[in-house]
């Protein structure tokens, strides 16, 4: 019994750093962010309160509403495509192929590159004047048209394309790690039973690596909510406001427009939205898990 | 016979998929490389896909040692070691902390597990730019503002949500029976972690290294605000080279500088190969 | 005042005589990072070094990033000696937060009141105190044209907007993009609007737009032509505006791919870098309609370190605004001096046109000077939205601009 409580003490000791980080750095900074959002701070924080005035301003701004709806379209498409594409890539990589290190590096490298410049390269490639469209027309296909980046109702898909290019390799790596954690004996067993390989992946392996898929989803969702560099480098939010996103709104107000309070209100609104999505998901999963145990 | 021809077909399909995907991924890289090998005059007049007439490495040399990043025209090289000095300790500490915490949360379930996990998860979504002012105040109060230790601490703090999430979810996928058996054998907290859990972790450790080292290496904002002038990472210099608003833009140097800055993460990706080996887990279970 | 300047003179002398022994270092944050820009900063740094001080360079590319760095260091209690900000309302919030040191002593000792244009001095003065050291002025509304393209359609530099659109029609028929617009940052739409505004209003009515009854003025007949030109202009541009960097628009002119573009004086340097002569292959002028030059600029903000201005800060302020440094700095940067007495005879044709506009009194202060960053940001993003809307009418422009003037 004494030994047991000693071990428990070690557990709490191990948890100490993370508690300090969470409480001192993350929670208190979040509270501070909220407090500032209730003031009329401009460039530097001041504590003159006008309560929910910033939120009122924020929700009235068409720019904010447009940014939020753009983000939903972008986020759903980006996460779905990345997960499917990443999973397929991971399975292909798992076939004991030659040149695995080469392919893994090729699929991952976009993740290592600063979007400040790769965004610019995408913009060149997609520019109708001198990118793919011009190159294909130069080959003799005069009517070939690929100018989504300058079309207000299509530009958001271009954002998805470039984001998938950057993010799907990481999903591949995470799911591949999950696949490599799957017990070798399982494969032997299914081979003996003569079950088709694709069925093993979809109905046996996928549930096993579900926690890793969840990790990948959260990572993708985080990058969706924080999407900023990509937009700035690729479209600058345009054409018009077709690719404006909330994080860009927050960043612009934080620095260029010198409106810290409004920016913080935007950040808090994003946080509230995230909690509103995560909490029901958490309880739904717990409920499912309990049902499964019964 | 039928079996093997079907197998060949499947193999061909696998490689066809991989090669086509690789082409998609490499296309922008191709544009970057050819642009970096051209002179500015050539860039102004040729197609972005065209191969350079007379390839020159001048842009690479400039990017590494003589591009101006303000008054100092010493290129990116100055920031390289600073970035290494920041990345190594920050990656090691955040992964260690993440692994131990993830292990504690998923196997020992101490009080407050749900709460701490929830807070970390939510915190991952806050644009951390809004945290700058409070963190600047906090760090300057403990004397770490504008220091190497300060920037490392910042990376550990902001790496925590993702690292804990990564390890906890990976460990949640491991069979719980292993842990229960070790407990019955009388294993303590650290013994089980080191003898049982760590040997099962290489695939996820390598994912953690990929994630953290890339994040830290590519970070610009924290490096700019917290590192101080003596520890400026490579990305701050990269930004100075490529991002001037009103100055002329040397695209060839910008491309070379970007590839050079990404070189370290790329080498890590290439080298991570042998850690991604199937069967480590199975071997550990049997052994 | 006499005692103040005397006190300053003594300290300056003391610093000079003791020389390097008490080398005062001045840490300076700025966003001039390209090769030509670095050379410009080098002029100030060298001059500062010649007085026995040590220049500690903190270059951060991108004005937002540079300001972020400067402001967070003020918050962290470790401010630099000087930080670059835009001339005008950009420093309002810093002054309100009382983090800057007034520079009155230097301004008085060097008689800024008589050597600097009143508008420039006003732009750095808050409640009777000077809070910024003007570094350079920059014309923002140069109209550049490809001489080649104009030759092809047999046209010259347009003197009016009607001529501009006439030439534009001809260019389009000849397969040339009439007007190149940059679109990677909202501010480029603001810049184009500002240029149109100046060319229509002139110096007289400019103040009505920036004044307290701006919204009312926008709804009046006097503003109408601005809205009409703005509504018409997008149809003279190509479809690739979104995300395009300003120097790509410049290249379109250099290649003869496009006829016209509107940009600040910094584009002049890029023309030279491409081996062309401003005024020859690339024509330039200050907007059509003999538009006044729209002047923006940069200042050093000097954070308070203890009691008022430090010696290093005072010395930096003095060096920056001296005749010699202004002459060399502005010719390197392709910008305009902040003071009189600077020899501008070596300026190229484009820069000289800007300098002449200022000395003729045909200039106005850019919207950056009076409008808060918030207001400017809103204006830029709304104009960007209108730009891509093919159905946007002059009325839409009137309502949008009036709305922003009312709400911010």
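When the chains are written out, they are named A, B and C in that same order, and each has its own residue count from 1.
What we mean here is this: a contact is a pair of C-beta atoms (placed from the backbone, for glycine too) under 8 Å apart; a residue touches a chain by one contact, two chains touch by 3 or more.
Everything numeric in this text was worked out from a predicted model, so none of it was measured.
Chains that touch both subunit A and subunit C: B.
A comparison of the B-C and A-B interfaces places the larger number of contacting C-beta pairs at A-B.
Computed from the mean C-alpha positions, the centre of subunit A lies at a distance of 38 Å from the centre of subunit C.
Each chain gets one centre point, the mean of its Cα atoms, and the points for subunit B and subunit C are 39 Å apart. The distance from the centre of subunit A to the centre of subunit B, each centre being the mean of the chain's C-alpha atoms, comes to 15 Å.
Contact of a single residue of subunit C with at least two other chains is seen at positions 63, 68, 75, 245. The multi-chain contact residues of subunit A, meaning those touching 2 or more other chains, are 45, 120.
Counting partner chains per residue, subunit B shows two or more touched chains at residues 133, 220, 239, 242-243.
Remark: subunit C residues 27, 30-38, 41-42, 45, 55-63, 65, 68-69, 72-73, 75-78, 245, 247, 251, 254-255, 264, 266, 269-270, 273-274 touch subunit B in the complex.
The residues of subunit C lying in touch with subunit A in their complex are 63-64, 67-68, 71, 74-75, 93-94, 96-97, 99, 183-186, 238-245, 372-374, 376-378, 381, 384-389. Of all residues in subunit B, those touching subunit A in their complex are 11, 14-15, 17-18, 21-22, 24-29, 31-32, 35, 47-49, 97, 100-101, 104, 108, 110, 112, 116, 118-127, 129-131, 133-135, 138, 156-157, 160-162, 164-166, 169-170, 172-174, 186, 188-190, 200, 203-204, 206-207, 210-211, 214, 217-218, 220, 235, 238-239, 242-243, 254-255, 257-259, 261-262, 265-266, 269-270, 272-273, 276-282, 285.
Note for the complex: subunit A touches subunit C at residues 42-46, 63, 120, 123, 127-129, 147, 149-150, 152, 155, 234-242, 244, 252-253, 255-259.
Looking at the complex, you find that subunit B touches subunit C at residues 44-45, 68-73, 132-133, 136-137, 139-140, 145-146, 220-221, 224-225, 229, 236, 239-250.
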